[in-house]
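Note that subunit A is present in both complexes that follow, paired respectively with subunit B and with subunit C.
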Partner chain A sequence: MANDREVLREIWDGRVPVCFQLDSSEVNGLQAPDPYYLMVPRLSYFPLVTDKVRRHFQRYIHPDKHDAEMWVDFNGQPLKWHYPIGVLFDLHIPEISLPWCLTIHFDKFPEAELLHCSSREAVESYFMSCIKEADVLKHRSQVVSNMQKKDHNQLWLGLQNDKFDQFWAVNRKLMEVGSDETFKYIPFRLYQGDEPFIQRLVKPVTEEGQRKTLFQFLQEIYAENASKVKVTTHGVEPPSDTPLQWMSEHLSYPDNFLHLCVAF
Partner chain B sequence: MADSADSPVETPESDKTLETQSDREIDSVPSEPPSTSGVADSPSKAKTNKIDILLKATGNAPIMKTKKWALDKDKKIGWIIDFIKKYLKLEPSESLFLYVNQAFAPAPDQIVRNIYDCYGSDGKLVLHYCKSQAWG
Partner chain C sequence: MAASTTPVDGQFWRSTLILRLQNRNKSESYAFKDLIAFHNRLFESSNALRAENLQLSVQNEKLRLEHSASTDKASSDNSGNGSSKSPNRNEKVQVLEQKLLSLQEELTEMHRRKGENAQQLVDLNLKLQEKERQLQSKEASFSECQAENSSLKRDIQDYQTNIKKLENLNQIIRDEYQANQLAFAALEEKLRKTQDENRLLVERLVRYKSKDADKMNEDNENFLSGGSHNTTSSLLHTIDGLFSRKKQAKVQKELEDAAKESRAVSPESTFGDRGDLGANPFFASNVPSKAISKFEAHDQEINAVKWSSLERLVATGGADRKVKLWDISKGGQHESKGVLVGSNAAVMSIDFDSTGSLILGASNDFATRVWTVSDHRLRVISSEHSGNLRTFLCVEMGEREKRARGGFISRRFPLRAAPAGAATRCWSQLSPPPAAAGSSWVCRRRQSYVLSSVR
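Up next is the complex of A and B:
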C-alpha cells in the first residue's frame, strides 16, 4: 500500500476555506464582530480547529453565555461535530460557494440534532471508538487490541496536531495487508442528504475471489440503481472501476472509515 | 420513523417489547420509564422492523431482570442507553456505556439497523452495558 503514499499525503493536506460569522441575534452590544476566516483540514473535526474562533467571538456575546457550548450551522442546518469536516463539506457541496460561510452559536443548542461535545476528550473517545470499530471489520479487532496505549495516543495526537508522519507511523499497521490479502470487511459509511448514514457488511472481494470495484460495491447496496449513483469523497468522484480495497487503504478518513457521500 | 402501531400479540414470557413511541427523540430522555409490564408485546418480527437485543451487564453494572427486548431497527443507540438508565433507575447524571462486540462504543445517534446489519445475526444483537468505560 505504501506505493501510493503521495495519495495519502494529498488526502491529508485537503483544506477548505471557511468564513465563520456570529449569529447576529447573539451579538450583545452595538458592535458586531468581524467574520473569522480559517483554512480547516478536511480530515479534522470542528471542535479541534475552532478554539481561536471561539475566542474571537466570545467577547461579543452575552457574558452569561461565555462558557456555553459552541455549535455551528450552515444555512440553518446544525453541523454534527462528530462527522469529519470534509464529510460535512461534501454533503453540502451543491449549496456551497467558497469560502464556506458558517454561523457560530453559543445559544439555543439543538438538542434533538446534535450530540454534546463537552471537551476534546469527547472527540478523542469518539474517534478512537471509530478506529476500534473499523478494526473489528478489517481484522476482527486483532490489530488495534495488540497496540499499546502509546500507539493509540499517537494516532489521536497525529490527527489533533495535523502531523502526517506521526499519524501514519501507527496507522500503517491498521492499514497493512499482505500482497495477496485483503481486509475481511470494508469499513464504510454512505451518506445521502439528511438521512442517517448506511453501514453494511461488505467484503472487498467477490465470491469468485476478484477484487470488487466501486461500482460492484454500489450494486451490492443500491442494486439496479447503482448506475445512477454519484459518489463523492474528499471532494472528488473516484472512477467507478476503482478497487474497493484500494479505496479503503488510501481514501479512508483517519477514523479508518470510507465516508462516501452519494447523490442520485 | 415508523408509527408505533404494534398490535399486541403473545410472546414468550422472557420477551418484552420496548415501547416504540415514535416521537421520542434520542436527546430528549423519555418523560417516564418505558413500562416493563403489560406493554404491547409484538413477536411478529418477520414482518415488522424489529430485532431482539440482548442486554448484558458488565463490570459494576446492575443486571437487568429482563435481558431480551424486541426493538425497532430505526431506533438510535442513545434511545437504548436512556432506556437502560430508566430501567436501572440510574440518575440522569450517571454514565452508561454501551458496547458492541465487547470492542467499541457506537455513537448515540447511530441507528440500530446499521449495528445489527454489521454485528448482529438471526434477528439478534448482543450489547454489553457498563457504568464505566470498559473497552475504551
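Up next is the complex of A and C:
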C-alpha cells in the first residue's frame, strides 16, 4: 500500500511555471495583451487551471469568438488536454526553457489532433474512466465498483481543488494490494514522441515470484534496447532498480496510471 | 507498506528518487513560485485598480454633469427666487419622493404576495382535508382487512381441528381393519387345521371300513369252508388248501399272460406269416408303379405343372407358349378345359391363387400374366422382369392390399442370398382387379408373394 507520504507529497507538490500568451494573429485591438504567468500543478489537467487565463484573454479577442473553445499549443504543437500537465511537460522537456511558454488560441480548432472539451464534466468523466480502467487492471475492478458515488466525487474534488489529504483518503483504497501483496497487472502508459502510447498487460512480479524492477520491466517491453532507454516521469528519471509495484503505488498520476515518457 | 517492506539496499533508490524530486521541485517550481505569485498579485491589483479607475471616471463624469445642471439651475433660480438653499432642498425632496415611491411599490408587492399566500393556505387546507379523508378510508379498509384476516384465521383453525379429527377417525378405522385382518388370519389358520383334521379322520374312517369289509369277507369264506368240513382239524387243512389253491390260480394266470404276449411280439411268428400284409403296419404305404392317365399336353416340352387347390384341375405350361387346363376328375380320363394363350415365349412357371380362380404364368418373354380360370381370359400382364424368367419357386397370389409382389431369385439360391440387383421386386398394383374375380382377389393369407426366379 502506498504510505510513503514523503514521496507522495513531493509528487503532489510538483508544479511548473507557465507563461500563457495569446496568439498574435487573434488579437483584436491595438494593444497586445500582457502574458499571463501561472504555476500549474503537474498532476492536473489544462481545462481545470485555465479559467483565469481565459477570462484574461477574452477581453482582447474578437467578440464573435468569445464563446469559442480555447486550446493551447507549444511551439506550434497542440497540447492534448486529456494528458496530465506533467506528462505534456515531460514530453517536451528538451525544447522547454522555463518558464514554459504556451500560446493560447480561440480560433481554428485543430479537429484532427485534439478532442473537444466542452466542460469540466468532460474532464471528470475521462478522469473517472481512467481510474476505472486502472482498477480493472489492478484489482479486476473490485475496488472502484465497491466505492460509493461520494468517494468518486471526493477523488475528483481532491484533484480539482488540489487537496492532497482529501484525494489520498480515497485513493489509498485504490492502491491497496490483495493477499499476494501486488496488483494483478500494472496500469501504465509509455509515451514516445508523437507516437501513440504503448499500453500492455504487465505483471508486477517475475515468473519466479520476485518483484520486477523498472529495468526488468523495460526489458520486457523493449527487449535488448532496454539499457538505451531513458525513462522520465514527474520530471525525474527513476533509478532503474526501483520496484515496479512501488512505482505504480507511488509514482502513478491521480488517474492511477504510470505515465512514463521514453527517449532513446 | 511498500516502503516499509523494502530492504535496506532498497532505500538507496528511494533516497535517489526523493533527491531528484526535490531537485526538480527546486529548479522548476521554487525558483518561479514567488515570482509568479508576485506577478499574479500585481496582475490582480492592476486589474482591480483599472476597474476602480473606470468606476471613478464614470462617477466623475456623472458628478460633472450634475454639477453643470445645478449651476444652470442656480443661475436661473438666482434670477427668480434669490435663495441659494432652494436647489438643495429641492434635491432632498426629490430623493425623499423617490424613496416614498419605492416604498409604496414595495408595499403593493407585499400586499400581492400576502394575497397569494392566503390563497395557498386555503389550497393547502383543502388538500390536507382530502388527505385526512383518504387516510380515514384507508384505515377503514385496513380494519376491514384485519377482520377478514382474523375470520380467515379462525376458519383455518376450524379446518385444522377438523382435519385432526378426521385423522383420528382414520387411525381408528385403520386399527380396526388391522384387528379384523389379524382375526381373519387366525380364523383362516383354524379352518385349515380343521380341514386337515377332517381329511385325516376321513382317511382313517375309510381304512377302518375297508378293514371291516376284509374281515367280513374272510369270515364269510371261513364260514363257507367251515360248512363242508366241520372238524377243527380239517379247518386248518382247508385254510392251507385255500391258500395253495389261490396261489395256484394266480401262477396259472401269470403263465397265460406271458404266453399271450410272447406270441404277439415274437418275430418268428410274423416272419412266418408273410401272406398277411394288410395287417402289418410296416408296409402301410407303397410307391405307385403305374400311371392312371397319360396324355400329350403340349407340342413341345412341358416346363410347369400345377394342381388347382380346389377342383381336380391341372394346369400345364409348355415351351409352345401356352398354358393348358386339364380336368382329370374322371378316373383315367383327361379332358382339356382350355388353352390360355398370350405368352410370347415359353411358359416357365405357373401357379394358382389360393381360391383357384386365377392362374399366373411366368414366361421367358420377361413377363408374367394372370388369367381367370373360369373364362380363360388374360387379365394382367406385367413385364417388369428384365431377366429371363426361369422358374417360379413359389407363386402365391392375391393379398390384402390387392397387389402382387414378385422377386427374382437365382435358380437355386434362397431369396435372401440373391444378388443385390436381382433382389425381391415389388410389383405395385398389378391392375384394378377384374370384376368377376374381385372377391377372390383378396386372399386370407397374411403374406403373399409372386416370386419368380431369373437366371
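Please note the rule applied: the second predicted complex is superposed on the first by the 258 of 264 C-alpha atoms of A that agree within 3 Å, B and C clash if a C-alpha of one lies under 4 Å from a C-alpha of the other, contacts with A are read in each partner's own complex, and residues count from 1 in each chain.
The criterion applied here is as follows: contacts are C-beta pairs under 8 Å (C-beta built on N, C-alpha and C of every residue); 3 or more make two chains touch, one makes a residue touch a chain.
Remember, it's a predicted structure, so these values are computed and weren't measured experimentally.
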item	value
Superposition on subunit A - do subunit B and subunit C clash or fit	fit
Partner chain(s) touched by A:98 [first = subunit B, second = subunit C, both, neither]	second
First, second, both or neither for A:242, with subunit B first and subunit C second	second
First, second, both or neither for A:7, with subunit B first and subunit C second	second
Greater residue coverage of subunit A in the superposed arrangement, subunit B or subunit C	C
Touched partner set for A:82, first subunit B, second subunit C, both or neither	first
Nearest Cα pair across subunit B and subunit C, whole Å	25
Contacting residues of subunit A [partner subunit B, same complex]	80, 82, 111-115, 125-126, 128-130, 132-133, 136-137, 141, 145, 152, 185, 196-201
Touching residues (chain side subunit A, partner subunit C) in the complex	1-4, 6-7, 10-11, 13-17, 34, 36-39, 56, 98-99, 177, 181, 234-239, 241-243, 245-246, 249-250
Parts of subunit C lying in touch with subunit A, wherever the complex brings them together	1-6, 10, 12-14, 16-18, 20-25, 27-29, 31-33, 35-37, 39-40, 43
Subunit A partner contacts - residues on subunit B that touch it in the complex	25-28, 100-101, 103-109, 111, 114-115, 117-119, 133, 135-136
